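In structure tokens below, several structures.
Two complexes follow with chain A in common, the first pairing it with chain B and the second with chain C.
Our next item is the complex of A and B:
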């Protein structure tokens, strides 16, 4: 068994989908949840050399909690090193399989997301770098604005296919 | 039929001719027509039959309040009954059908109801069909519903799609007439985010039907200029065809946008209707006013309509109402129409003005009869004449159309949906709404009259709202308005003398003046009682035209002011909203999300039959060739686990990581049993109580490090336990440093169980799995596949066999499950589903929420010794309540039928042997049953009074619902390996 084929199967097996100016992608990578006490301050990107090469993004996930998202899949030792460095003020929980990452980009992104998101996504109210936990339709997600017209969603793995299908439906009119 | 279309003028495009049908008859209209204007242009004045008396009815209004011109649009799955012809845009190929008539619109058998009308007054059904009671549901109600009614819905599926959408703005302007446009433009120029919603296809309101000019521009041109400027502001969104139907808490308004209700073949990529939820910081209601009909005999005959509607059809749609019209007015607005009619070449036979002191309007050729009323209109399917009373004399005047100008009711419904009460204003002769909670009224909705004053009002209210929000308002200058007839306030005319025929108050529900008199005479004079007694205001138009007239008539009958009568309660929705729009995209596959286990596809590949468990789909069993019943599959899976080894997906169990220096103390307080001293690398069964001492949930929690635990919960309570823990951490013990993360979805978790499990697992797990190295209840991070993957291994057992649960990152779940199946092949490994899992746990006497059903405390399940003597834990205080420690409580027992061929069902009750089957003799009930291949018969778990001390006793199992009685014996709940030798093997 030591030579068994080990394959990572993401929750949604899909190539990027384009609907007119809208692009839906599943960028993969790693997702780490940082658990601090309420009121803890977030680590700045600079304090995470272990994942520096993986273009990490830091997402608010509630009081004292963040998601670190990297485009490159981190190795176990990298995660351990990071955890050791952040301890004891922050605990690191690997959620790379537990959350599924969806990227939505293109000019109609905000209009598309407004079909499921109750939050005001006006760039002045929800500027680039903002992230929060909210619903997309009936499905809970962590929603982040990564650019003027680009957003990322982190969703529980079990709901990923349903959310992906919902987003495709919401995008239909732009394609 | 002759055409009533004027040769020129109006906002219709004569170059774009649109063919449509009405009751199968081909007709032509123009782009810019509504169905109502097109029908009128074609001379089709009879468009429907009334609800109760089946009276001929025509178009009464030009807007959302239309009570008469209700038709069915479309065919097949797109059939839409009760569509207001006044709101339906005309499109090429539109098919409209009249309703509530048989066999045809012109000849309707139901019209005989009109002859029976002396017997069909208010309250008639309740007085007449009292006896025998049984006939009401069987005969009377179905018959009445068939005879009186609206259009019929289709049973075919709707082929179109719907969606919901959120929007946000600083200022929501409801209505895009002159008031709304002025308000919106003020806000736009001030830099605010603005949404303007208008229920009509084209924004502009009365600007589209006035003949006045603004700054020298015709009304429509002025409206277009304002709309063009609005469109140039990036933060302004104009929503035409969007009816704001409700105002809800938090400044949220509901609106329905008819995206594609005006096209024959909707684009399938777009919805036909979109439900908006608009979160607005402030709102200006510029909803205008509804013209009051006048309550005279025959005021429902086709050809009678409100003056404003007639003016709209004339000026906007270039449709003449007839050849010879009369105008019955209580105020100056009727003269604007009379002048326009004359200019369009329609003879105005008379203007009948109820006021003694009406001014003369220069240029009007028509005869003006002052201090006069129309008491009755005459005609069958079309009006032919009116009776005019003046100076105590009656005069009959031949006309083919009649306009009613009874004054205006401001449209205040939205403002009053959240409890605000309208107040009667004698000065306005109308009910007005107060400005409340960030919503203000402007223009005609606030009782303002005249284009210039409405414009100013819109600017003023928008400026005030913007100032509140911290903007510096940029007010617009009021245009110079010429040619506007501004009606001065005039007293309403409720009770018209000399009426002989039926004078309708509520057209749609066929409530006439005599019904309201009757209501007052019979003691139902209160406005809410009168409404229910007469059904006035209860039709789909919700009394938009009728309520205020009814209040006026009730006030007259009771000798009080309309303010004293008051209004009925305003509620959403303002106009009917389709179920499609309310459902949005949530139907079919998108009805609710599906939660998929990481091993879902793996199980599907192996032919699993799935069962819905909440939102999860769990694999139930894995049928094999030749198996014809689920029991065959389940029995095989159970026996294989007992004899060889099986693999079951338990990924949907809740999993929570509990970290922090105080994690041990936290768990010690959350669980009733001790957790503080659990060593690192060990798992322990934990029992969580509610505050009231009853068991809340159970599961296994493992200590992975000094300050890190991995908790599992039941599938059903995963979210509830997480919330409970968060509450404990945040509210009960904020002094404890503990952090929680739900990791349910991170791990694919597999129960691998059976006597041969160790050999199978050892081929995948790098660590030594011998009993000495990895004993019962060991729980550790493990290396897999020669260090290529890390996972977590727990030596715990739900089946009673030697068993492990292996957790791996979910994305690798399928690979690992495949590898285990491959490794287990020589040992006879088989997958097993939740049905087999259930049988295995019942055989072992393990409890689930069947037993932990909210009525049991630890001692009831034999867990008394688990409850630790520690300073505190959730549920500790209440657990010692008298009733929870009293003798005679139900206790967990096993149950087997005396005859192995017999069986019993979950939910059956347990009686002492020989006792009569009564609830008084109840000894307890069966919580779980299964056929046990191991025992060879049905077995059960039950909660029985003092059960723990009654093992061996013969009892009766009674199912009163199915009339089944089985003799059985109480036993230990553990049917398999009571000494737990297998667990420690």
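Our next item is the complex of A and C:
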């Protein structure tokens, strides 16, 4: 399926937006979902050289499930090779078109997200490198902390524009 | 209503992330007879006090949990994964 010539349109037709110290961007790249049985151990960095550079490249999405996020767009053969390496304990599903990646960075990002996220985002409770699935407002999102003041959100494509608009609204007080 | 639920996988989460299915009752044997099955499928106690319910963590880890709570005081006693166990207290 990946080899057919599909028309690619971005889920959110927007350039990066700056609101004061806050920056909202859509970094693109590839999103793969890893599906295993609950209790499956996460794949080691050795078996995922593709994620080098992205942090975190491997994101928790529930017991036995992870998202692999890469800054570079992976090709079909690369994804097939990854799937072959992780089989049979983990199944790989390409979600690059199914989900959309949003990056929020800047000093007030935690305060901004707190308007829609019911999690404690203090660095001691949600340190750099952690990821979890939760709600932002009413929209289901995989939220990851990529730095002290930067977060990334993975959202289903159909909700991407809504979430983007919500984040802009939540950012308005800072810029 | 319990407002924060201690998910064994995700930690304390707001109730908005969950879908509640209903009482967690022991399933009768396949040959238990019509009366036992009618009771299991249709009849509910609606207790005032301690209650075990199936909750699905729809917007989180998507696991089925059994949440033990008190319908009178709104206390949450704990939650465990239906398949994996692992009781967690709030």
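Please note the rule applied: the second predicted complex is superposed on the first by the 160 of 175 C-alpha atoms of A that agree within 3 Å, B and C clash if a C-alpha of one lies under 4 Å from a C-alpha of the other, contacts with A are read in each partner's own complex, and residues count from 1 in each chain.
The rule is short, and it goes like this: contacts are C-beta pairs under 8 Å (C-beta built on N, C-alpha and C of every residue); 3 or more make two chains touch, one makes a residue touch a chain.
Just so we're clear, the structure is a prediction, and the values are computed from it rather than from any experiment.
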First (chain B), second (chain C), both or neither touched by A:118: both
Partner chain in contact with A:39 - chain B first, chain C second, else both or neither: second
Partner chain in contact with A:132 - chain B first, chain C second, else both or neither: second
Contact breadth on chain A, by residue count: chain C or chain B: B
Common interface residues of chain A - those touching chain B in one complex and chain C in the other: 38, 118-119
Complex contact set, residues of chain B against chain A: 163-168, 193, 269-271, 277, 279, 585-586, 589-590, 592-598, 601, 615-616, 652, 657, 659-661, 707-708, 730, 737, 739-748, 763-764, 785-786, 788-790, 809-816, 818-819, 822-823
Touching residues on chain A, where the partner in the complex is chain C: 38-39, 61-63, 118-119, 132-135, 140
Chain C - residues contacting chain A, complex: 9-10, 13-14, 16-17, 58-63, 81, 83-84
Touching residues (chain side chain A, partner chain B) in the complex: 1-2, 4-11, 33, 35-38, 64-65, 76, 88, 91, 93-99, 114-115, 117-120, 122, 125, 137-139, 156-159, 161-163, 165-166, 169-170, 172-173, 175
